[in-house]
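Each of the next two complexes has chain A plus one other chain: chain B in the first, chain C in the second.
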Partner chain A sequence: MKAVGARLPRYDGIAHVTGRTVFVDDVRIPGTLWVKALRSPSHHAKITKLDTEPAERMKGVHAVVTHKDVPLNVYGHLSALGIPGDEPLLAEDVVRYKGQPIAIVAAESEELARAAVEAIVLSLDEQPALFDIRKAFDPDAPQVHHWGNWYPHFEAEMDRRQIRKGDIDAAFDQADTIVQGVYRPAAIEHVPLETQVCQVVPEPNGRLTIYSCTQALYFSMGVVAAHLQQPLNKFKFVGGTVGGGFGGKVDTATETMCCLLALKSGKPVKWRWTREEEFLCSSTRAPWHMEIADAVSKDGWILGRKMLTLHDSGAYCRFSPYGLTKHSFHHTGAYTIPNLSFDGYVVFTNRVPTTAMRGFGVTSVSFATETHLSRIAEVLGIDPFELRLKNANRIGDTSPNGVVYTDPSTVPTIQAIADSLGHELPGEYRAMTPAQREGQWLPDHLVSQLGNPEEH
Partner chain B sequence: MNLTVNGVEREVESAPLTPLLFVLRDELEIESPKAGCQQGGCGACTVLVDGEPRRSCLTPVVTVEGSQITTVEGLGSAESLAPLQEAFTHHYAAQCGFCTTGMIVAAHAYIEHGGGEDREQIQHALGGHVCRCTGYVKIVDAIAAVARGDSFDLTLTAPSHDMTNVGGAK
Partner chain C sequence: MATHKGRGVSAIEYPTGMNQNGDPSQAWIKIKPDGRVDVFAGTSDIGNGSKTIQSQIVAETLGVPYDWVTYDNSNTDSSPVCTGTFASRATFVAGMAVKKAAEKARERILEIASKELEIDPADLDVADGEVFAKGSPQKKISVADVAAAATWTYGELITGTGAQLKPYAEIVDPETGRVDLPPHSAISYAACAAEVEVDDETGQVTVTRLVSCFDVGRAINPTLVEGQIEGGAVQGLGLGVLENCYPYYPSVEHRGAQFGSYLAPGMEDLPKLETLIIENPSADGPYGAKGIGEMANNPQPPAIAAAVYDAVGVWVTELPITPERVLRALEAKAEPRREGKLVSFDEELSVNAIGGGALRFEVSA
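Entry: the complex of A and B
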């Protein structure tokens, strides 16, 4: 345990400061071909014509790949967990977001690869596009997928993530006030300084060596193996050096397509996205729409919460059902609310697919909850620190999905924030600890939600 | 064309309008300058041209013919670190490391021009260098430490500058 609390030197610090860290773009492989993608110029369209022959005929173009070359084209990032695949690696008959890859080429230079992409003939039949998750449920909304505009495969084939806890109607009957709010954080692009980059080398023994900037190496290996319908031992992934990711390099954005081009051309290939591609085509943090109504007592107890969440998944689901599930489990933030009614939907739009970013699914609801608690304090005219401490998670309290807290840090965190701002707390709030509720901190409405921390 | 790169005269065959970044990386295989945005917006490709920081991605090689080019490799090596390299290590001023080399050469120019430990002046000098891991506090710590003339114990990481009173609250 010598490392805990010690100020250890960074194991890769000297390599970083001397320029000797080898990022994927720094790997030199002779004879490497450049990769470029034909991407959808439309947000939503039917593909009426795709002719790659003019590109294939160009001197110096070694491979062109479309959906016809992919052994398993439609797969999902969570397929291994039983979530049905919905996303084609390369678009087949429909494009559902601007920037979606349709065909990829490998050529002897970056300029030639770009010219080959421009030579591909593409005709589209434009379709109405859906951008606003709030309009997805309208009867006349543009249809993103043939099954509808929201994900239908939660447990028991429910079309939403649902949480019911306690007795929500009783809580709203008992409330002195109902405080409502709507919170809508926008999409955020991760902007890693290293754009998506991948190199793939076909080895003489038939294996592929993949230099990848992925944040999730074994996960990416599984995705590549599934699309290519090959066993895992065909792939040697070299990774671990990531020039910034923040969640945006969890998606397998480049590796599978580079493998297909390396196999088809028999040559090493390299794909380094431009900054423009990174902004337009890489996944983002999701926009969210959250509606909260809290039943509160005039002395600052939150008796119940009704919440509706719409999560913008973009055109395909990727990790969104997982992100929304985390969101639902954390939808009371760092506070204990005993009576809950939560409904959350993964909604599809004609936007770039969204993904993890720093606290996947939870940052959104933390923002909403903290803003909402300040609003409650304002409505009730009570101190926002006292409101937070009163309702803070304590040992033995239970989360929305019934997990018993054994070491919650809300109380010392709120106290530390008050201290750093020079905000004086009354004695009983200053003396509060995360210990199990009793006395004035255990009102009747919080008794039935208590669990046994010894059992966890 | 000839360039002097890190004190060594190099003959260059790339086309005249090739960005200096790719002459360094692809022809001379000096890979510390990074292709972050290729639009001059991130600072990861920064090198010194005759001692001044320049965005190598926007610099056609022909415009710097005959110049002295310095990259982080020219400041020091793992065996013999320059003070800024020691400072960035000791102060944990690199997270993913992708912006680090550009930050260090820009900081080198700041120190060489007599820059001091004032945090605002350091921030101004490093303007346009993006650290998307947002490690700015420690980067400024490292540069200020060199400006002060600190020496660095590379077996330890320094605590970071106290930012709890940034807004000036009492």
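Entry: the complex of A and C
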């Protein structure tokens, strides 16, 4: 029988539903020490004193690690994409969000590890905090980050992601109506059933075995190897079966710190985040702020779009510049808009760093642009299906950065939804296909954006 | 006081594989002496079903039953590079790596079968665990016998390796965002309709029906595709009406720290779900497949927002659309500012209203 296209049973489905799948927390290694972290109680503060000696002196505490123990404390996870590092593995002189790890301990029980964390002496000099990305640009705004309040390292050291296409001013001049709105989706938690968890075993041959819930074994191994300044064959990552991730387990939140404690103590260590840590200290989906103004004709063509996006990155950049770039590349959604002016900023605030989550960079822009289209339909008094079909991207149209669409399915997916709701479409919309534009679907304003689909 | 019904629609697109590409995946395969297949790949299965999908691709490519395939992604000593399970790439990119590895192993199987059958490998095909002559399928040898011959007669190990990598697309003009190569490998598309009931006394929005249509390129396993779409729909419902880390954003106070104080969708929130699948194959994906894992939660929030407007005549553009926000909007009944040809909504939320003036969103009407 054919395997592709078949409704075959999930490879590990029986094991999952009978509770026999081995996740990281099911691994049992004798002699394992338990890990807890001293986390910042403040949203923004200078560290004036950090004394771990009282914890180190406690019986049953085998290792305490601070930034001084990390061979490379600041490592850029996206250095391969030209995004420099900014986030310390363990805080040095400043904490920028509540929950930021400052020191970690390994002890013979979770209770003892918790007591050791409490024994560490920490003094802070509180600093003003910034939470509203719309105020980050104010001259008197609290300074969140050593790079400033927004990411300054896009190509050519630009401080924003820009898209420019066509002639935006002409489009707004020609418009019959300009529809403007503001869209603000929230931060949400990934809520994996399996919280962040890691077990590290120092092997007799000098290697480290890392039982990891990472979504990306090799990526996380690269991160650990860089922080520890060791070659890849020092490590064996064991994993590949993850109890829910949704993007939050790309962060490599526990692995490096567990390796440092295992090396310092010479014993196996395990760190299992509580549900409270998962909710309050793990990264979240980013909150976004998007402002859109669309230049439209009275018969429903979108002639131009002007857009400002502020991406709330939290205290460090993690994957945010990547997410914002992806966002900008898709800010016309499933439509062709020939004249564009987009500016996007990755803005720092004193909240937990935000990270990738299902639909990274695009979930936000889909909400903003699609709600905006529904509003345009309402303002113009046009059927929302027809407005969408009219502006739908077609073969040979070009994307915001000039790439030719070769196989868009916007038209058939919208038609299928109309059919399933019993929504009657006029004949010319019913007959529409994704094929290259012609006739009434190729008005003058869409001619100059056309590309050649054969060239791609 | 009454319950009002409303309906909204949306249409979206989403790229498959990392934006700007440059994200490799690799795999290798070995065949046991009885023809059973060991696949080694580094792709984490986060519940998305990548072990299943990649095993199906290998079974199809090799022409052996699905249950002959053992899939090992358990560690980095035996499995090669996979950039990771994100960017909707586990089927599209990593699935291509296992397909290429299986194609190489298939070539070796046919070469050894060719010696046993004394038929040119180009004239052989393989299906259901048997190698046979094209046009005269009675001339055949089982893959198990081929593997045995490789092991015991020819002293060979049948293997195959595969790697998939699209080159990184540089932004060559940061002023305009122009790139030197396509920044995506394939784009998937979806449309969605949401039906809601809004209680104008409590502000409660109940999503009663979500109809989704996705272009998946090719459904390698329709059951798992439907699972992704249904799971995504419920997560999109959470984005739309329930979930929020910071209930008083941008304030960081009153964060929920447990399931009881953070509203994630539960079974009681499940609306009627209807799923339609379109297959518009991608030239770059395994058997035409695209990736839809992530985008599955993208079309619902805007369709819900439009449905709420349809029901009670207010636009709530801050998510989630909570009872409090609905009631405040109903109380305010805000009209857009109309000036010349400008129709401007939500001005109280703008950087122009909240910021100190250093950054403004300027639109000349």
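Side notes on the structure shown:
Note that the second predicted complex is superposed on the first by the 455 of 456 C-alpha atoms of A that agree within 3 Å, B and C clash if a C-alpha of one lies under 4 Å from a C-alpha of the other, contacts with A are read in each partner's own complex, and residues count from 1 in each chain.
One rule holds for everything that comes next: a contact is a pair of C-beta atoms (placed from the backbone, for glycine too) under 8 Å apart; a residue touches a chain by one contact, two chains touch by 3 or more.
Bear in mind that the values here come from a model prediction, so they are computed numbers and not experimental data.
When the two structures are aligned on the shared chain, A:R39 is found in touch with neither chain B nor chain C.
Between chain B and chain C, C contacts the larger number of chain A residues. Using the contact criterion defined above for the overlaid structures, shared-chain residue A:H77 touches neither chain B nor chain C, since it reaches no partner.
In the superposition on chain A, A:R96 contacts neither chain B nor chain C. Within the superposed three-chain model, A:R28 lies in touch with chain B and out of touch with chain C [touch as defined at top]. When the two structures are aligned on the shared chain, A:R7 is found in touch with chain B and with chain C.
Shared-chain residue A:G244: touches chain B and chain C both. In the superposed model, A:H62 lies in contact with neither chain B nor chain C.
Once chain A of one complex is fitted onto chain A of the other, the partner contacts of A:R388 are limited to chain C, with no touch recorded for chain B. When the shared chain is aligned, chain C comes close enough to touch A:M221, but chain B does not. Residue overlap on chain A between the chain B contacts of one complex and the chain C contacts of the other covers 7-10, 12, 191, 242-246, 275, 420-421.
Residues 7-10, 12-23, 25-26, 28, 190-195, 242-246, 272, 274-275, 420-422 of chain A are the ones touching chain B in the complex. Considering their complex, residues 29-32, 34-39, 41-42, 44, 71-73, 76-78, 81, 84-86, 88-90, 92, 94-101, 104, 130-133, 154-159, 164, 169-170 of chain B touch chain A.
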